[in-house]
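Have a look at this one.
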Amino acid sequence: MIKKNWWLLLAAACLLTAFAPLQKKQRIVFFGDSITEAGVKPTGFITLLTNMLQQKGIGNNYELVGAGIGGNKVYDLYLRMDDDVLAKNPDIVVIWVGVNDVWHKRSFGTGTDADKFEKFYNAIIKKLQAKNIKVLLCTPAAIGERTDFSNELDGDLNKYSGIIRNIAANNHCQLIDLRKMTLDYNLANNTSNKESGILTTDRVHLNETGNKMVAEAMMKALFP
Amino acid sequence: MIKKNWWLLLAAACLLTAFAPLQKKQRIVFFGDSITEAGVKPTGFITLLTNMLQQKGIGNNYELVGAGIGGNKVYDLYLRMDDDVLAKNPDIVVIWVGVNDVWHKRSFGTGTDADKFEKFYNAIIKKLQAKNIKVLLCTPAAIGERTDFSNELDGDLNKYSGIIRNIAANNHCQLIDLRKMTLDYNLANNTSNKESGILTTDRVHLNETGNKMVAEAMMKALFP
Amino acid sequence: MIKKNWWLLLAAACLLTAFAPLQKKQRIVFFGDSITEAGVKPTGFITLLTNMLQQKGIGNNYELVGAGIGGNKVYDLYLRMDDDVLAKNPDIVVIWVGVNDVWHKRSFGTGTDADKFEKFYNAIIKKLQAKNIKVLLCTPAAIGERTDFSNELDGDLNKYSGIIRNIAANNHCQLIDLRKMTLDYNLANNTSNKESGILTTDRVHLNETGNKMVAEAMMKALFP
Amino acid sequence: MIKKNWWLLLAAACLLTAFAPLQKKQRIVFFGDSITEAGVKPTGFITLLTNMLQQKGIGNNYELVGAGIGGNKVYDLYLRMDDDVLAKNPDIVVIWVGVNDVWHKRSFGTGTDADKFEKFYNAIIKKLQAKNIKVLLCTPAAIGERTDFSNELDGDLNKYSGIIRNIAANNHCQLIDLRKMTLDYNLANNTSNKESGILTTDRVHLNETGNKMVAEAMMKALFP
């Protein structure tokens, strides 16, 4: 009897193992700059997303991985995508880049030309899609939250956001238009024309409200 | 008889002298950069203003003088205001500056800090008002005419326009808000989001339509 | 007898008063940026100069006045020269400016064009010389102390130093060539190619050795 | 007898064919920016090199290929190296890049940070050396030829040249120190401190003398 049971258990184990691949966790990599790097902190948007998935009872189906590095521009992502993204064998990649490409023009003289921004962005998508990885694109949220159109870099940030929107359309990628959401949110809520403190702590990096807004936007895009 | 005539002549002379000040031409100096420098060309806004005054039959009452020099920023105006404005003994000065203060940040690394822009602007007004000269201020019209908020320098141009609006209010100067007019005109007429060609030839300098718009705006402000 | 003495005292007092103008202190104003602003600190070069004059026993003949303001470029000096220099009625003015005109090109996009640097500098000298004030010019010492010619802004700093040397020659002003002294001192002493710490604390502002070098150079120039 | 000879000839032919791979042309790719792009013009340094090899009678042993594209910075080389270099299966690659990485900081605000310059440069070398390709590195020659150390970007150009020298040493790559050669040549020949016209036409791109100097330097490095 004992022996028989032992065989039954073994059979059951084999069956479980056999079906395990069907239940393999989907891996979602968040690929970006310091904003994404901070996303895995306790109150960061990636952590919030993980919690949301747990509450929905689907937390075990997904693995969310942060791959953000401070100061990264689009070509930095391209350089490290083999090691930091492809090596992780993701099912989905959420790209969020652009702030430094614009910002560093003024602060260090080392921003990214618009045409090269587009070229490197397309090269990243091409490599990901060649591996059948689903790619979602985000527009850069903000460099300054003033609502009277006087944030110094808004013009360029809008231009690069437009480039990303076109890239998304051309490559059939889902778009998470954080730029538009940020502008709309500020127009509605930043009535005293503050430079920061509405969605960001410092004009660029997300505060608690910002992390919530981004997490919800990504939730909607990833799990509609 | 001779004596009587003599008295009559004297009386006439006195009358003429008495009324002469009333007929003295008012001198209006337009003080600015290359846009103002081009204003005295055959189709420039200063020439158009002169023609408008002729048509109104008050052309002989006013002398319009261009004092624009290409590449000028606010501190360049301050440096040459004694020679180029005060020496001309104007009744009215129309100041139009700001494009290069913003533009040269990016193109040459030699723009003007916002706080110094304000400081020099106030110093110019103080010197003019000390001589009882009426001062009108213009906001900078445009660096790029795109209507999707993607002109690279719009944020900064709006910021400096805001500074000028405050300076006008604080110094009780009339404001000719060319920035607002340009934005409104483009939103209404630049439906294909062109970079130039609506009011400017090259994103900055006025085309025929632009010169007309500016001339009419100045006409309204100067001769309401 | 008392009366007689009284008269003698009065006569002596008159004599002293009469000769007082001959003994009037010479006022030397140091006109510049943050480096000059720090010159009046306990270890600053202006304080060191004052001490040197005391030791030489001629301290009572001179009054050294600091007129440095952080972040100042040449046009800032021009703007405030009436209030901060001419109002003090100086006999001698030592101008030391140029670092920010070069540096701010990169850091803020608000440096000073070379041709305008020259124009404003000449305007300052003209105003000072018109009041018979003796003017001494200094070249900007350093933005970085590396000796392998790899300080990012050295090329431009050398260019602006050259402009100042020409201005000095053209206006018959004495030159204190701090740029050359700094380069020579570093070539001799900065054998490990340090970025700062030889004559500066932070690539720009003087450390103790730097303040001494500058004080001695000025001593030699002002009291040869 | 005739038959025998025929067999001998055949044997000889077979032997020749067998050794043919030993005589395969060596392919040398010149990988760079607009300066390299112009190198294949009739008077360009790559053309001159080809002629030199012909004169030496070894022209048939080598194939020289230009792979320069105007405006390229180090990360542009990295992006296109698969298509433009590796696909050509080269034996030797001569990398010459750096001018735009420095220059574009000032002209467009889109230069390359020093640390990223190094990172991308190393990534290129790693990929080439992994394919057993011999790599030679050049330092950037000039942005301005003045000899009084007043070329605006010399400091940064020297810094990036220093980075390349270190990369060459660390990766056991041969170095063609065009920066040093250019400085030395100008110090000897540019006695009137001209901005261009000695080795360049426009401060950056090679004139006839410049192309000759570079061709000779490369000849010496490639075929010592």
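The chains carry the letters A, B, C and D, assigned in the order they are written, with residues numbered from 1 in each.
Note that a contact is a pair of C-beta atoms (placed from the backbone, for glycine too) under 8 Å apart; a residue touches a chain by one contact, two chains touch by 3 or more.
It should be emphasised that the depicted structure is a prediction, and the values quoted were computed from it without experimental measurement.
Farthest from chain D in terms of Cα centroid separation is B. Put simply, chain A has to spin 175° for its C-alpha atoms to lie on chain B, with the angle rounded to a multiple of 5.
For the touching copies chain C and chain D, the fraction of interface residue numbers used by both exceeds half; the interface is of the same-residue type.
Each chain gets a centre from the mean of its Cα atoms; for chain C and chain D, those two points are 49 Å apart.
Note on chain placement: the centre of chain B and the centre of chain D lie 55 Å apart, centres being C-alpha means. For this pair, chain B with chain C, the centres built from the Cα atoms lie 39 Å apart.
Multi-chain contact residues of chain D (touching two or more other chains): 105-106, 109. The part of chain D that touches chain C in the complex is made up of residues 105-106, 144, 148-156, 158-159, 162. Considering their complex, residues 75-76, 78-79, 104-106, 108-113, 116, 119-120, 123 of chain B touch chain C.
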